[in-house]
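Letters A, B, C and D name the chains as they come in the text, with residue numbers starting at 1 for each one.
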Amino acid sequence: MSTFGSLFRVTTYGESHCASVGAIIDGCPPGLELSAADVQVQLSRRRPGQSNLTTPRDEKDLVHIQSGIEHGVTLGTPIGLLVKNEDQRPKDYSETDLYPRPSHADYTYLTKYGIKASSGGGRSSARETIGRVAAGAIAERYLKQVYGIEIVAFVSSVGKIHLPAHVAPPSVAPNGDQDSDEAEDAVTPEFRRLLTTITREEVDKHPTRCPHLETAERMTQRIIRAKEANDSIGGTVTCVIRNVPAGLGEPVFDKFEAKLAHAMLSIPATKAFEVGSGFKGTEVPGSKHNDPFVLKDGKLGTSTNWSGGIQGGITNGEDIYFRIGFKSPATISQPQHTAQYDGTPGTLAARGRHDPCVVPRAVPIVEAMAAIVVMDQLLIQNARKTAASLLPPITTLPPTMVMPSKEKEASE
Amino acid sequence: MSTFGSLFRVTTYGESHCASVGAIIDGCPPGLELSAADVQVQLSRRRPGQSNLTTPRDEKDLVHIQSGIEHGVTLGTPIGLLVKNEDQRPKDYSETDLYPRPSHADYTYLTKYGIKASSGGGRSSARETIGRVAAGAIAERYLKQVYGIEIVAFVSSVGKIHLPAHVAPPSVAPNGDQDSDEAEDAVTPEFRRLLTTITREEVDKHPTRCPHLETAERMTQRIIRAKEANDSIGGTVTCVIRNVPAGLGEPVFDKFEAKLAHAMLSIPATKAFEVGSGFKGTEVPGSKHNDPFVLKDGKLGTSTNWSGGIQGGITNGEDIYFRIGFKSPATISQPQHTAQYDGTPGTLAARGRHDPCVVPRAVPIVEAMAAIVVMDQLLIQNARKTAASLLPPITTLPPTMVMPSKEKEASE
Amino acid sequence: MSTFGSLFRVTTYGESHCASVGAIIDGCPPGLELSAADVQVQLSRRRPGQSNLTTPRDEKDLVHIQSGIEHGVTLGTPIGLLVKNEDQRPKDYSETDLYPRPSHADYTYLTKYGIKASSGGGRSSARETIGRVAAGAIAERYLKQVYGIEIVAFVSSVGKIHLPAHVAPPSVAPNGDQDSDEAEDAVTPEFRRLLTTITREEVDKHPTRCPHLETAERMTQRIIRAKEANDSIGGTVTCVIRNVPAGLGEPVFDKFEAKLAHAMLSIPATKAFEVGSGFKGTEVPGSKHNDPFVLKDGKLGTSTNWSGGIQGGITNGEDIYFRIGFKSPATISQPQHTAQYDGTPGTLAARGRHDPCVVPRAVPIVEAMAAIVVMDQLLIQNARKTAASLLPPITTLPPTMVMPSKEKEASE
Amino acid sequence: MSTFGSLFRVTTYGESHCASVGAIIDGCPPGLELSAADVQVQLSRRRPGQSNLTTPRDEKDLVHIQSGIEHGVTLGTPIGLLVKNEDQRPKDYSETDLYPRPSHADYTYLTKYGIKASSGGGRSSARETIGRVAAGAIAERYLKQVYGIEIVAFVSSVGKIHLPAHVAPPSVAPNGDQDSDEAEDAVTPEFRRLLTTITREEVDKHPTRCPHLETAERMTQRIIRAKEANDSIGGTVTCVIRNVPAGLGEPVFDKFEAKLAHAMLSIPATKAFEVGSGFKGTEVPGSKHNDPFVLKDGKLGTSTNWSGGIQGGITNGEDIYFRIGFKSPATISQPQHTAQYDGTPGTLAARGRHDPCVVPRAVPIVEAMAAIVVMDQLLIQNARKTAASLLPPITTLPPTMVMPSKEKEASE
């Protein structure tokens, strides 16, 4: 269904050629200062036409807030918002419509519903993500103000062009000696430093949204090459969430990483997700992979962070980081040999403008879904923690079951 | 929370040292022949003590069905079931309890709840997965009988020991010429053949549950090496779901792959998930990555399957396959330098028996979660499809919006 | 939260003075012919200014459909819609704002959220029901077309003016001989006839929406009397749902009547709900209250219908009928002795225009919520029934567990 | 489905003749002292065989807690529990099985599932309520300890035998002068006093659980008369919840009274629900029905309480009270003229032992469902309130939107 989240909840509507796309965001804490401009910032980072790397279609994507805010302050009631579609006409019929576009949703939507929007991707259109980005911007504003939570995503690869291995090691080690015990560093010090310090300003310095400028330039060339070849190319986005309080995530089915994975794989064109050391971590022995505890600023932390800030499905206060793989866009401007709906083989003629690579524009969408997950889990944990805090302390429990007193002080 | 699924729904309870672990499975179709033995098969594949590669603790894990079945047939009402814990005593206090175990859930559970089970991993114990495996076995029985759906998972890597690249290419290409346009084959013909034909019998031929015997032997050595070094090692599990009808998956937040990712990342020790071409697919240009349509057995199918059986979040009838990364178990039998709850640095002494590598036992858990996702999505799509089928056909729609008549016949 | 339903789901937004009120309706079956006019009909029955019995404020309440429909046919995707608020200015501050209005939501909203909309009832405004009425109109269109389901609500009492006892007995018997065994007829033949035949056209013949014209006239006088006294008066609405298939309703927590009660008590100003024989039925011995089975049109039905079409929480195919009590509106145009927010006693001066009695306008809201409940339960039962129908029949069950063969034919 | 609640959630399983009935209670705050005995108290008040007014079948209904508690303290993890069924044999086939029992769930279950439990009511058996009562006992323990919340239900009528009108006025006024403006007192001072002071000890003084002893005696006679006539009789249960904090209840669909109604109408045999002044309140003009605010113990309260402690769907801190109607049990020991499943008319012979009147045993079930609703809503409001409390106060809002400063002090 079109709803995500339990206590902080976003519901979206809209296809690419209807009157508008929009969302209802329910569960925003009351008393938060919030304006349309706060939401617009991320919508503008998402919209097409930002550079020559994205689709030339320039849409304004201005958000219209309908409810839930008065005098610039949230009421705690649902925030309705919408962005008008510039071009609302259902598309004309054409020869190409005999063909389900390969690796698009045409065929599956038609199979699922028995009917499909006359044009574009219908609900699978990237315009659907507008509601998510708006919801994420609202969540983020709260998280930033109250917890200082920072969420920064950036492009870590385009095609085969990855951040240098010492900066951000790729998911799986090069094919070295398989029998060697020597573990590759899934998390290099430089990568951890990058995660700790990266800002959106730095990310936005380059249109690719890759923070390593030399790599960014190579990515640009790769994207332009795809564009000129009437082709497309995929990539990965890495995201870090800093300053998340320990204790978020619901055992056992709604572990923090499970909700994150759900959220990220719901973004169009995603094919892969890894958190912390990810696939590469599977190759590292436990003795090296385990994150030892240390005292940091008077609180228990870990000296390494292979776990990616989550242990047993629950956040531990360290940086949460994860990577998402986006496939190459299915829309390409070259003829494709495929079949019509009725099975007749043929060639689907080239189609119009499109993004040769979606990862730069995916950055704010990833940030938005991350913010929604954090906000929802935070509210759920609030409920429990407040309830527990009102109970009298129990003094008869064995010491294995409660926080040892010294740590208690340490953790507060 | 401890509930997963909307129309087919499993709720679990139980820690490692309480009276029993169990589950309530709600939404099973009525009229399905089902016995405890059907459930036991998968529980026995999951239980410890199956070989010298797993923990020596031998538990019987006999399932006791409490409700929902009479005369060997499901009533459609909730199926309650439980497996008794052999050792129910809360653990004694010991020196080691001063330490949160590195990369375990001790610290995060304590932070979350302010209290934790006196021993073992509490809810993060692998015993919690018993309820999932039971629920999955029930779902599977229905899916097999009615749709011929087959779900087979197998071990595709242990540490750095992967299936040979021509059999199952690893997630990311070797670091070749990054600027080359030459795409690696994320999905080799041999891999696709493996996915199409692999059976549980073949998987179970070797205790590692890797179907490539030569690789399986090398994995065994790797696991034994970890064991002898009082260490642990991770790995990956690949799973294929065959014969899933087209049309499953709910746009936009509950895309089929999003639910799969959620389900898989809720399994203990998982760190990564990829579906279809996965991370490697991000490096392949769209012109190669797109799956062309072809007529197969009178129905529209695709000649390649980089998509992994899912397009636009909806199944397309092709094989669904995905890979999950499991980290090295956090429990190791060697001393670890870490800190106590109160921050005092020290050495956590070695602990007792454990699995040096979890992936062989993870196989039935992965299959179970996959079955639960398919079953739930199938029921949801049933609801819609039945509702739509009762409406009169609409003849006035433009041809772009409906299945062209020839294909209609073709797809039926 | 602002979402109702699981497979057919409505989410609403909007206060009385924001830009618009609206809803997202998710889960509508694809392929249903639907236009804005279909929705407008019920919105217009709900809007104020229909007669001198309602608030003189005349709003057009024109619905703008944003998505989910193309060429007049539903796509199966979310239907976004909105109705603009004519007067969007947050209200000016006035003397009266020192007072929480008695029996309004001012005080409780402020306590809940710590902030409240500057004016009107915020989310507790009757304008919030616009989204419900729209969703109900959509559900109804499907239910009517496919099942011939008819939902008709009417006013059964205003203050003490009830439909005559032989037409529709009030909820509880007059205080007769308490020890007598003589049971009052909770369901008279004339009442049952009324339920079976009443149409919306008949209901709308009189502005009170009471189908018994003589009583309607007395109700009119009662409402005018309240209006002239600057006072208000409550009433009851009775609703019947005809032609609902047997088998809807989810044991055990989501019994059909439980969902109905939930839906009805979520309508502003409701205080009471009864289904079938209701409170009066509690006084009738089982031997009389039980509904004997009889063969009707070749199907099993019941000769009486004290059950109100629901047995064991599941519909049995008979007419479903229920009654809802609406309190007298809290807004009255006379001074009230009460206290300010700070506890200072004082007199709250009279306020402006309002409905002296809400029940006539509540009629379409009741119908809408009923339609949403039926639609949602129908989809859920579709899922199960379709799944069960694909299983082979089981021949080894004892005859007590399956439909006896003769009835089987009878029920099909 | 068999799950109720969102953050405090109970899931139940079990039919009357399976191995056990049980429940999983998820979301209980961690750190609560809780033993099986705490749960047993309410189970024992629910079980049959307590007096000659109930079914002679004497079952022990001993609860076995499986998980979620160690050393007598809740862990915050799911609490699994079960009660064994004494008689687990599926019933033998008999002549009477040709008949669906009138007003039972036999026919509707069979229609819904296509199969039904071989005997008894299956899931519609009263034994299903065991899980609810256990969950309620756990919720109550928390609510009592932290908030001093008291939940007391009692029998307010059996058949036509009601509490005297001056003690507890029946739902609807006697048929007096319909045109008179004179309002009956829906809430007499004596009734309000009763609600304020009634305890479970007083309720349990008489086996009918009616606290007015003279009426209780007449009720006893009525029940015995029904029993001797091989008949049954219904009744009503009134319940009060005291000391609930203001601010609970979720606009707009999950209003506090809507969730209460849902919960209560999910109890077997219920037909009606009213909160506060209920149906009778519909006859009282607004000028009388409105509850004026007054300062009470330094907090804003109301001098009357027609609202029943809920305004705009949100609790206001006053006593919450409501009434539920239970129909006469469908199982009676006299022959009934009805039809067989195949439509053949005939006489269903008398059946065995049963409760001639369920209301005395319904009392703890009503209390349990009330506790679950309060607990769930409390946790949800905790989440919001804690989130809002962490935001800085906003000083620029117009005074109409925030709590006036004097009241702020008053309300704290």
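The working rule: a residue touches a chain if its C-beta (ideal position, glycine included) is under 8 Å from a C-beta of that chain, and two chains touch if they have at least 3 such contacts.
In UniProt terms the chains read A, B, C, D = Chorismate synthase.
Just so it is clear, the model here is predicted, and its values are computed rather than measured.
Between A-B and B-D, more C-beta contact pairs join the chains of A-B. Of all the chains, the one whose CA centre sits at the greatest distance from that of subunit D (Chorismate synthase) is A. Mean C-alpha position of subunit A (Chorismate synthase) lies 22 Å from that of subunit B (Chorismate synthase).
Work out the mean CA point of subunit B (Chorismate synthase) and of subunit D (Chorismate synthase), and you get 41 Å between them.
Counting partner chains per residue, subunit A (Chorismate synthase) shows two or more touched chains at residues 1-3, 7, 12, 27, 30-31, 70-71, 73, 76-77, 90, 112-118, 123, 251, 384-385, 388, 394, 397-398, 401.
Here subunit A (Chorismate synthase) touches subunit D (Chorismate synthase) in the complex through residues 6-7, 27, 29-33, 70-71, 73, 76-77, 142, 145-146, 251, 378-380, 382-388, 390-394, 396-398, 401, going by the rule given at the top. Taken together, the subunit A (Chorismate synthase) residues at the contact with subunit C (Chorismate synthase) in this complex read 1-3, 7, 9, 11-15, 18-22, 24, 26-27, 30-31, 64-71, 73, 75-80, 82, 90, 112-118, 122-123.
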